[in-house]
Structure formats: C-alpha cells, structure tokens
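Note that the chains are named A, B and C in the order they appear, and that numbering of residues resets to 1 at the start of each chain.
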Amino acid sequence: MSATTDTVGTGITGWLGYIGGTLAAIPSQYRTALRQRRRNTIALTILFIVVVLYPAVGHYVLADFSRRVFPLPLPDDTVSTFMTIFAIMAIGLNIVAGFAGLLDLGYVAFYAIGAYCAAFLASPHFGALGINLVFLGHVGPGAAGIHVPFWLIMIVAIIVVATFGALLGAPTLRLRGDYLAIVTLGFGEIVPLFFRNLSSVTFSLTLGPIVISLANVNLTGGVQGINPIDPPYIPILGWVFDARSGPMAVYLGLFLLAIAILVARNLEHSRIGRAWGAIREDETAAEMMGVNTLRTKLLAFALGASFAGVAGSFQASYLGASTSDFFDFSISILVLIMVILGGIGNIWGAVLGAFALTYLDKSLLPYIGQRIGDVAPSLPNPAEYNFLIYGVILVLMMRFRPQGFLPSRQREAELTVHGLQDAEREMGVEVETDNVDITPHGQSETGSGARDAETTDEARDL
Amino acid sequence: MDQLIQVLIIGLANGLIFALVALGYTLVYGIIELINFAHGDVFMLGSMLAYFLIAPISSGGWGIFPITVDTPLPLKIAEILAVLAICMAAMATLNVTIERVAYRPLRNAPKLAPLISAIGMSYVLQNIGLVWGSAYQRTIDSVFPPTNLLEPFGITSVAITPSQVFVGILTIPLLIALSLFVNRTRQGRAMRATAQDPDTAGLMGVDVNRTIAITFLIGGGLAGAAGVAQLLYNDYTQYTLGFRFGLNSFTAAVLGGIGNLQGAVLGALVIGEINALSDFYLSPNWTQAIVFGVLIGILVFKPTGLLGQQLADRA
Amino acid sequence: MNTTEVVELGTGSETDDKMLVHARGVTKRFGGLLAVNNVDFDIPRGSIVSLIGPNGAGKTTFFNMITGYYVPTTGDISFDGHDIVSPGRRGRVKSLKPHEVTALGIGRTFQNIRLFGTMSALDNVKVGINVHLQSHWWDAILRTPGMVREERATVDECMQLLKLVDLDHRSETWARNLPYGDQRRLEIARALATRPKLLLLDEPTAGMNSSETRQMTDFIRKLRAELGLTVLLIEHDMRVVMGISDRVTVLDHGEVIAEGLPAEVRANPRVIEAYLGRGAAGES
C-alpha cells in the first residue's frame, strides 16, 4: 500500500473519488489474487456465486427436488432469511466479544428492542391509543397506528439500541469479565420481561400543567405480541419483502448482511479497531498508551448492539409479527455459539457459524426429528432437545477448540499454543528461537479497572 | 400486619433453601473464581431425583420411598433421611464429575472459557431434567399436614406449618456443619488456603486438585439436600427450576459477598424475603426482574457485597 | 538543591517553568503498607534523571502515580503546568486517568515488557499514536477522505519511529516473535508514538549484555538530543546511571534518601548503606 504517493481529495468529491478508485481497483486486485492464490480465489468465487444465486435458484427450481435429489434438506426461504438475520447478529456480537473481548450474555435484549421498534413504528398497535401517524409508509391514508418506511425504522432501531447499549455499558464496563457477563445476562432477561409484562399499564404522572395518565394500556402487546407489522417495501417498484415474497426477502437479508460485513471490516481496520485489539490483549497497557479504555469498550458495546437492532427490526418486519416469547436467553447463547464455533474474532467466521448453526437449528434438526419420528416415534426428537446438543458443543469447543473453526489469527494465537506457530508459518515469518514470551497480563477477560492495581506486576517492587 | 408476617415466614423458608444452593456458588467461586452456571441445574436434578424416589408408580415415579401425610412419623423420618442421603450423594458425585470433565481441563485457559463451558453444562443438565421429568411440573402429594403449629398457642392469624419447620430442621444443621467443617477441620483449612492463593497452598503441601474436588463435592451435596427440601416443601419440581433457583441463589451469594459463607446465608434470607414480598405484593411476573435488578445493582455499586468477600476469614 | 547544568532544548511549553515535573509530598499507602512516603521530586526540562534504589523502594509505584495508574494517598504532581494529581474534595486526592496523562505528553515503558503480542510491530506503534488521531468511528465506517489520509500519515509516522529504533524491516512481525532486545526497543517506539514530552523508562537495560546496554544508552542520549525529550529512568545498572544521568534520586523504603549529581550520590554514605545493607538481596 503506497502511503504517501496517492493523495486523497477533500470533501464529498474526494470521498466519492476514493470510493470510485477502490471499486475500480477491484478487477485488477482480483486478477492478482487469481494469479497468486489460484485455488483459494476460485473456490471463493464459486462460493460467492452459489450464495448469490441460491435464493432464486433454491426457491424456483430446487425446492421441488429438495428431498429427492439431495440427502439433506436445502434451506428454504425462511431459513435462508434467518441465516442472514443471525449472521448480522453474529457479526455484531463478534465486535463485542471477538474484537473487544467483552462477553455479552444478554445480546438478545438488543435484538428484542430492534424488533419492537419495528413493531411500534409499522403496525396498527398504537392506533388503540389514538396515535396515528403515517409517514411515507405504504399503507393507505387513515390507517390506524404508526407507519413509517423500513429504512427509517432501521435508523431509529440503530439509534435506540445503541443508546441502550451505551446506557447498559456506562456503569458496567468497568467490571471484570465474568461479572460483566452476569450483568449483561441480567439485562438480557429483564428487557424481554418488560416487553412481556407491559400489556396493561396503569400509570399517572403530573408534571406541573402536564398530566400523563394511562389506564390499562397495552403498551407492548404482552404475550400475544404485536401484529401485523408492515413488511419492508420499495415504492414505484412495488417490491415487498415479507415472508411470502419468496427469495426477495433473502436478497434483502443478503444486502443488509453485505453492508454489515463492510461496516465491521472498516471498523476492524481503523483507529478504533486497533484500540479494541489492544484492550483485548492487555487492557492496562492500552490505557497507559493513551487509549480511553472505558469509552472504547462502550463504543464496542453500542456499535455491536446496533447490529442486533438492524437484525431485530428486519426480522419483525419480515415475519410481520413480534412476540416477547421469541426473545429469550437461549438466543443470546445461540448467537454466542455461532461466534465461538465459527471462529472468534473473524468476521467471516461469524458468518459461517451463523449460517451453519441456523441451518442446523431450523432445517437439519427438525428434518432429523421428522425422520426419527417416522421410523421410531418413541425416541426423543432432537429438534426439541436442540440445546442439549448445543450445550455439549459448547463444552467440547471450550475443551478442544476454543478458537472455533475460522478464528482470526490473533485470537487463535491467544487461545492455543500451536496456533501461533501455524500463523507464523502462514505469514512466512521465521520463528525466532530466543524470543521472550510476553506473559498475558490482565487479558481483558479479567481486566479489572485500571485503578484496582494491587494484583498487577507493577506492584511487585513493594 | 399479620399478612406481612406470614409473607415473611414464607420468605424465610424459601430463603433457607436458597442458602443451601447459594453456598455451593460461593464455595466454588471462592476457590476457583468460577461462576458455576450449572449449579442451579444440579439442584434441579436433585429435586427431580427426590421426586422419582418418592412419587408412586401411578404418578410415573419409582415408588421406592413412598411417603404420604399418613405415613407414621418414625417411618417418615427414616424414609426422608434415606432420600436425603441418596440425593446428596448422587448430586455430590455429579458435581465432582462435572468439575472433572468441564472445568478442570480449562483451569489454565482464559478466564471466560470455563464460564462458557459452565453455560453449556447448564443446558445439558437442564435438558436431562427435561427428558427425565418432561416439560410439565411433577407434583407429589404433601408429605406434611397443613396444620398451623401456632394454633395451640392461640395464634390463628399467622401460620407456621410443619413443612416450614422441616425446612429449618434440614437446613440449619447443614449450615452449622459446613461452618464447622470450613473453620475447624484440616480439609477446611486447606480449602481456605486454596481460596486465598492456590499456588502457595500447593507449595505448602495442599493437594489443590483434591481440595477443589472436595469443594464441588460439598456444593453438590448441599444442592442435593436443597432439592429434597424444595420437593417436600413446595410439593413440586420442574426442569426449569434450575434457572430460577440459580438466579436467586447466585444473587444471594453476591449480595452477601461472594466467597463469604455467612454472607451467602444472609444474602439468601434477604433474597428469600424479596421473593416473597414481590410475589405477594407486586406480581410473580416481576419477581425475576427485581432479583436481576438487585444483582446488577450490587455488582455495579458494591461488588464486594454486604459482608465483603473472603472465604478465608481469619479463624 | 544544588544547581546543575540543565540542557534546555527549547521544548515548547505552556509555562516558562524550568521544571517539567513538580511532585510535592507524594505518599502512597496500600492498606497498612507505606510504599512511598512524602516524596518531593522535580524533573528539569530536557534532562535525563535516574531514579534508583533497592528493590521494593517504591520506584515503580512512583512511576505509576505520575502516569495516573495509582492515585496517591496525598500529595500533588504537576506536569508541564497541568495538574496530574491535586487535592480533591473532602481531603481526598484526585488524579487524571492514565490515558489523560498520556495525552498530556507522558509516555512510558514497562519493567516486564507489555507489548500487544499478537499485533505486528507496526500495529503496536500505531496504538501509541491513537491518542493523537482525530478520526472517529463514523469516519472509520464511511472511510472518509480525512480518515484515509490520517491512516496513511499514521503509517508514515509509525514507520519513521520504527526506523528510529531500527525495526522498520520487521514492521509486520508479531511483537511476540521479536527477540528480546527488539521488543524493548519496540516498546520505546510505541511510547514515542504517543508524542511525549516526558519519557518514563522502567529498567530499559534489564537483561541486556554490555554491548546492548551501550547501544541503549547511546539511544537514550539520541532521543534527548534529536527529539528534545526529557527522560526519567528507573535503573539498576550503575554504569548506565552514572554514565547517562544529569541527576540521580535515590529512594529507599519509599523515601528520598539522596538527590543530586551522579558523583555526589555515589559517594553518599546513606546510599551505600541502603544498597550494601540489603546484603545478598540487593541488585539481582
């Protein structure tokens, strides 16, 4: 990368010029990659084509052949859409847990908030309260409730979720790793509980001349939830992306996923990405080098959460409904398994883990359950005991392959001994024999606040 | 007022059961700094086992120690003791096995690995409870008569039932025994030393692995006893109990000061009362949220808990 | 205090105070342990000052207080006219956070190397420069021209620093894989990336043989000469201390027992007693 010879223009034109230049360079970069790493490039190209074509081909052509030609079920439209939804979430959690090293066990809360943003802003729900507002939505005028277009919902969801992420993180990110995990778990439980319980709120508040009074108001839909929710819609073209739209929703999901990957990648290779890596490696040293660890961790939390907000709002709009029962702790763990299994710290690993586990959970296990049910109905149905399998996966992964299958080189080196040597060989670095191993101080997992220093080596010369 | 006292009494009984489970959390955390996510589910399996031992075959149980209200007292006591012994032994064994399989290999791994492993283990145990006991509540007929022991004293507005007394008789000696064990015996001293500084304890001749295993053994035994108490006091068990009790007991341990035994008991009583008050005056829907709120509050504002954290208090 | 010859190199400063660091009455208590006891300490601009003393004397603790990692029990510390440690409300002491201290212009290395092992040498140095970068997370997401320009300038500046410590040919090597001497120099490069006015070096020659030590001392002198840095060293190697320092301060049991020119301090009987009186446990 020639650092100083190219200049970047300023302002909007400069920005567009830069983007144009990057895009224009892609063909030549592709050709170089083809020359240098032929096999990998071809394999990835084929994979890319398969992914892009699959939703259309799968829907129109393969669905009929699914059981007859292939031994295993092919993901249908719903499963494919959920694969993209979970992949977006996995990327977000990967930012929190993989890049910054913070264990968030309550990720489902952000998913839920995103979904209810869509539920509030694109359904007849608030019509019962007399709040009616249609703004660029595609329902007819005079429709009850609030209806705004999907892209606006996504923006609102991002802002709301990021705010909640910051609110949760501000007092809690100074806690050590396992305590932080428990606190986030608590948050992940409380938020869906609020959504479930606020179905009949009676409340009265007088602020001077302003009186807010609610009598038995159904705020969140309670257990039944909120429906119907408007699906994403493009006017003029008339495209609808709901559960009955076939491959359309999958393509919207893939589009959102592509953006998510791009955003995550840009963050990774930036000032803040480096700060996250530093904090994860040695939080104390990072702080001493001028990294505002608290603010940086907060950003990881809020930014990571916003991915779940996007996923949640998309999911609710896609399904056309949102119920609180859907959002429970097991989803937080499911996404965590995706990140761990797929490869911690690596964006593509997270996507891979999400695709694999969603397929397993929503296609493969139900299919196996069905086959077992056909043959021997008294045997337990694995689809019902899916978390037994996932629990075993977690225990085995931690024991034998904690870095996952496609980890980033950094995390693999941190978590395994031989991973380091593999990484070196791959990069063509000669392995020094007289190096000093850096003892991992305060791996941020146990990073206590910088002030709580009694246990650090600095105190050694006391 | 009487209502309040009644609620407080109920809270006390549940609090004692929470205490037994909370001790398991606090002992393990004190010694290896691991939040044993799976502990609540061990408790659940303990109560599940007790159910199958006691429930008659007609209800789906094994009918080995059928106890009803009418069973004559000496036999009742003997059968309860037998169930207790079996459940405590079984859960102790289970807990030690879990440590051996899921936590010990990870002792040198980054701190979060055993935590994640514990989460996985929790799901495994939960599903075992699901397969074994089905998704529904499994109930037994009350083993104790619903008489009010205060009646002979002329008090009718508040009641203390035999089942509540039973909980006290079961839990309090165990708590005392544990305290004596930790503070007076050599093994207990080894536990305290390991909790303070495992490396040095090892250098001083303490078998750290064995000490940790014994800690899990004791925790499991207490969880088994708590399971029996829960079944005989509340007359039911269900595979979801692990989560609810785990949450309450872990919060209790943190409230009292994680690693601190007296703190765990004190915290458990407080949490028991909070549960009872919330269930009665607010709504059971909100109880979990409140307990979580307490947990978050302590961790954020006073992470050392009410009594501070030491397993190794100067004897 | 004796007058000394101070090398002033016209380092721009907010005050015309000759002292870059003013520390008064700094005390640190850890529970019952008095680690640092009522230490007064000044560091003149452009000087190289050594802080020595037997093990356990409180030197690293003092470093940690200047950098905001520990909050002193009492005392105040000012740097370049800014307060790092000052009295707070209700008799307590308030201190800047470490990253704020770094932003003011204090960089440091560690006694036991604390590099970011699985990051390349270049990335390690880049982290040091983070505190002076202006782009935010939204610039990162959008890849704004400002951010791209800043990233390219960052690479340039960091490569220059790597060149300064003779590691530019190893810029992509993981810090973990570098030989010991290279790691020490990389830590210094990383500290330099924070654009410090004051550089704190914690035992920079530990574990080095005599030729490496000589290279390091030449290097430290070069830093002062070419970059106008003020340097505070913790050192155990007396040849380094005597050879490079403008002034030496000696701590023992958390108290200053001597301060002055290297030759004066070496002849000071209290200092000799502090070291020899330790017996076999002295310098290890």
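Methods note: contacts are C-beta pairs under 8 Å (C-beta built on N, C-alpha and C of every residue); 3 or more make two chains touch, one makes a residue touch a chain.
The shown structure was predicted, so the numbers you read here are calculated from the model rather than taken from an experiment.
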Grouping of chains that still touch (sans subunit A): B | C
Inter-chain pair with the most contacting C-beta pairs: A-C
Closest chain to global C-alpha mean, per-chain Cα centroids: A
Relative to subunit B, chain with the most remote C-alpha centre: C
Distance from the mean Cα position of subunit B to that of subunit A, given in whole angstrom: 36
Approximate Å spacing (C-alpha centroids) for the pair subunit A, subunit C: 41
Geometric centre distance via CA averages, subunit C-subunit B, whole Å: 52
Multi-partner residues of subunit A (at least 2 other chains): 414
Residue ranges of subunit B touching subunit A (in the complex, touch as defined): 33-35, 101-102, 105-106, 109-117, 119-124, 126-128, 130-131, 250, 285-286, 288-289, 292-293, 295-296, 299-300, 303
Subunit A partner contacts - residues on subunit C that touch it in the complex: 30, 33, 35, 55-61, 63-64, 67, 69-71, 97-99, 102-103, 107-108, 110-119, 123, 126-128, 130-133, 135, 137, 139-153, 155-156, 159, 172-180, 183, 190-191, 194
Subunit B-facing residues of subunit A, complex: 103, 105, 171-172, 175, 177-179, 181-183, 186-187, 189-190, 193-194, 196-197, 333, 336, 340, 380, 385, 387-388, 390-395, 398-399, 402, 414-415, 443, 445-446
Contact footprint of subunit C on subunit A as seen in their complex: 1, 3-4, 6-11, 14-15, 18-19, 263, 266-267, 270-275, 277-278, 281-282, 284-293, 299, 303, 409-410, 413-414, 420, 423-424, 427, 429, 431-432, 434-441, 450-451, 453-454, 457-462
